[in-house]
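Both complexes below contain chain A, partnered by chain B and then by chain C.
Here is the complex of A and B:
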């Protein structure tokens, strides 16, 4: 028993080192976004927000940011609509067609982004469709829909359909039942799925490379930037790129935890 | 609420007739050609083992399940194909199915707000919801969410939510199966009170015979999709029409024997050499029979006396009596006594000259396993 008290906690030490290895670059990158001098030198020279100011003064960045938001918002809305309807079909109807399409709907999650990107280029040439924001968005929706299906299906599988029978029994037609009972109850999961789709889309780089055309999104802006000059504006973009999906993921986690169980959801309300 | 009870709560009509209802799930007939007539205002129980089709029959009446054949009528008009939301019935679901995102008051009000054309004013809704919440004894809990209520309270919300629409019939699907024994008693009395107060037709689905016998005026016993017997609780207990009914309702022992002679409703039977008279119908001389003896027909007497000797197998205490299981030459017999008996001790069993009911045949293949007689 005594020996155990004095043994060296190897597991804890290795874990700590791994964490440092993982997060130190992030911390350093974030730190220099607030640097007072343009060169990335140690020790740290003092605080400033000038790189953020410089960044937002760059019309190229502002355009990239707008494009990213546009794509992410449209992706979130479209993927959530399509994915939620699909989740209903897959959890309520069981026949050869729905089972097959369910398997196919999962596919994009498992395919490499490179493959999807190349596929889009091929399709683009075939259909004489020019790359640009609509195509970027289409590429994102293709991959975001399966995620939405997964999240919303998980919720629907634990949803008690007797609630719908009860609503019908109390005089509500099918549409009113959906609007007043089913959707409000699964809403947290749907909102969580939408935020997940948004965050994923905002971050996506690989497929976008193939579908961008003349457009630039925030991740592609930072790639282009770092290729030319290394100054803290790149770090500033990294911080922004880090924060937006994290905020979205955080919100999604909160929403989905709330929808984890109906009782859990209700327990947090008064 | 006035002492006489507000007339606004009372409903009219509610005579339900189902005709030749059949429902198949795959190759299984869940409901098999059931015909049933319920007068308005009756308290009717559908009793039967799980899987006998009682819940399916109720959901067909509610419109929540389609049917393969038959008709459903309410007060003379056919509603067979009508959508559930248009039927004049409301249901209390087995697990209550309360809307978790709505408060108690919002749950109860739900049924009043679904018909956009006939939606009452907010004041009227508030009044009727308040009335219902008071009727089921939930005043003060209006703003709670279902998850914040006990099982018994949730059950009351479900009843109030169903009754607020003034249905012509209230359908209760195993409403007490999720409740503690103590709460069950209380809810049972509440339901009887509410039924008396409203006069609405109540249909209760249950597998609990105590519940069915104690609460309703008429019981329909179902077995394998068919109605076995429809009668009042006393008749069902004292004169079960079939061997299945006899085995499902109440406790009892079944003795194999032969019918010696039949005179009217009485037959003379021979059970392993013991001769006595029993009630019967449709049994002829020479038939092999099974004779039902209720525990109250039997008495424990000194070893060596009585009609049948036996060895006590188990003796269990039930408060007012001890339930004793005795092995006899005629088979296992269950009876009651005021005192405990040591397992292994020998006793005598006595019953009067006229006792029990004789049923034709010993074929028990249609019975569920736990109801089939033990092999000798």
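Here is the complex of A and C:
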């Protein structure tokens, strides 16, 4: 601890500058969603909600919003069921099958969405499937499941398994133990995982581009309509696209506050 | 509660069905399709290596590879360096800012992928905040047209995509380092920089390797940022693949290019491991 109290905290300054780099574009883009004029020019001129009004007046956008919610809810339910069951097995049974499966379950996180997306195209050609909501959902489940496994495993690894043994000693059967002891303990983590899966699905773009067919989700609404046009409606969509996953994620963090909070959610045990 | 072998296997069926059905099998099918010539979006004739030969002979492929490297390498280097700095401060730093910084990093990771890219357009547009601000300050007379729709814009966009991810992988790696080792190094008279160079960096070597490779791979495969922020010259391998399955409908070439990028990635990873071993950033005893 030599003279450290007097040295300039370079690292803190650099880190905070990097945060400015990450958040400044988001803040500016969000600000212009409330612009009074149609051009995105400096300086910012006045406030209005007309771009949100224009957006919600567009049936195409309302449809996209509905599709996004539908897909994200189905993804959250399916990914949470599949991932929670898998996390149970991964934390309690260690053999070649479980270790291989666990490694395989990390693939969708490491593989860029593009390759999963073009894989879906290949699958559609082979099986003569047509693109649309079911395949969009399948793509989202693939990317959401690894996060569910991560979150639920983190919880299963830290809680006291003696509680289960105690329940068994007191005469509870395996299903009674599961229902009355294990599930209530991990329920907040499972709810958090479901919300995280919802958030991940709502924003998924890289795979959905290939599985969409005639459908549009909220991110694809930006990709399609506003590719080269710069107009505040795009910024209004951006605000919605930022807020919905953030709210879901914030709720997840609240649910999991008692079981380690955000750091537990990121697979970190302290 | 114990789970038996049979029950465990049965419970994994849904997960394996999803992974095999939607990731493994499609990748194998993609490889198969790369071995056919395609006419009107359907495979024709017998097995052939034509797609690979034509891609390797085409100057476009090499140009696009060059662009991918010119984008992917700076993105990986900046994201890894920045991410490392952030998590180094969160794990080893002092002060109350650490908790806030962690929350901000996670929040940045959870910020919409598309919006993080799209947001740069408002900032960098020809009459946008950066140009308008510089003009108002009298620093420039005309908007800097080269900022948006350029390689620089793509790099900025992708760094904002991958730096939070890099920071969180380093967060996990750095919190796993035994603090005694760093303290011992300081006690033995090493400077802070020496401790970083000789103790902390080698101990986080595997994470640096894995994260650099991951970020490079994600950058190479990201086709949205070049479309949104890039100019006509910013065609990366990811964008070329996406186009061949979209606008240009050349599935055979797209499939062959996908296979080549996936194989290329493994080679890049092995090369990086070799270089890091040589430079001592990844001592053999760590991995």
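Keep in mind that, in the parts below, the second predicted complex is superposed on the first by the 236 of 270 C-alpha atoms of A that agree within 3 Å, B and C clash if a C-alpha of one lies under 4 Å from a C-alpha of the other, contacts with A are read in each partner's own complex, and residues count from 1 in each chain.
Here is the rule we use: contacts are C-beta pairs under 8 Å (C-beta built on N, C-alpha and C of every residue); 3 or more make two chains touch, one makes a residue touch a chain.
Everything numeric here is computed off the predicted structure, so don't read it as measured data.
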With both complexes superposed on chain A, which partner does A:115 reach: first (chain B), second (chain C), both or neither? second
Under the stated touch criterion, name the partner, chain B or chain C, that contacts more residues in chain A. C
Using the superposition on chain A described above, determine whether A:242 touches chain B (first), chain C (second), both, or neither. second
Could you say whether A:92 touches chain B, chain C, both of them, or neither, answering first, second, both or neither? second
Which superposed partner A:171 touches (first chain B, second chain C, both, neither): first
Pick one for A:197: touches chain B only (first), chain C only (second), both, or neither. neither
Check whether A:18 is in contact with chain B, with chain C, with both or with neither, and answer first, second, both or neither. second
Counting only touches as set out at the top, which of chain B and chain C does A:160 meet: first, second, both, neither? first
Can A:182 be said to touch chain B (first), chain C (second), both, or neither? second
For chain A, give the residues common to its interface with chain B and its interface with chain C. 168, 262-263, 265-267
Using the touch definition up top, name the residues of chain A that touch chain C in the complex. 4, 9, 11-12, 14-16, 18-19, 21-26, 28-30, 32, 39-43, 81-83, 85-86, 88-89, 92-93, 95, 97-98, 101, 104-105, 107-108, 110-123, 125-126, 138-139, 141-142, 145, 161, 164, 168, 174, 177-178, 182, 199, 203, 205-206, 209-210, 219, 222-223, 227, 230, 234-235, 238, 241-242, 245-246, 249, 262-263, 265-268, 270
Listed in rising order, chain B residues that touch chain A in their complex are 62-64, 83-86, 89-91, 93-95, 97-101, 110-111, 114-115, 145-148, 161-162, 165
Within the complex, which stretch of chain C touches chain A? 1-5, 8-9, 11-12, 14-16, 18-19, 22-27, 29-30, 33, 41-42, 82, 85-86, 88-90, 93-95, 97, 101-108, 110-116, 118-123, 125, 127-129, 131-133, 135-136, 159-160, 163-164, 168, 171-172, 175, 214, 217-218, 220-224, 227-228, 238, 241-242, 245-246, 251, 254-255, 258, 261-262
Interfacial residue positions of chain A with respect to chain B in the complex: 160, 162-163, 165-173, 176, 180-181, 184-185, 262-263, 265-267, 269
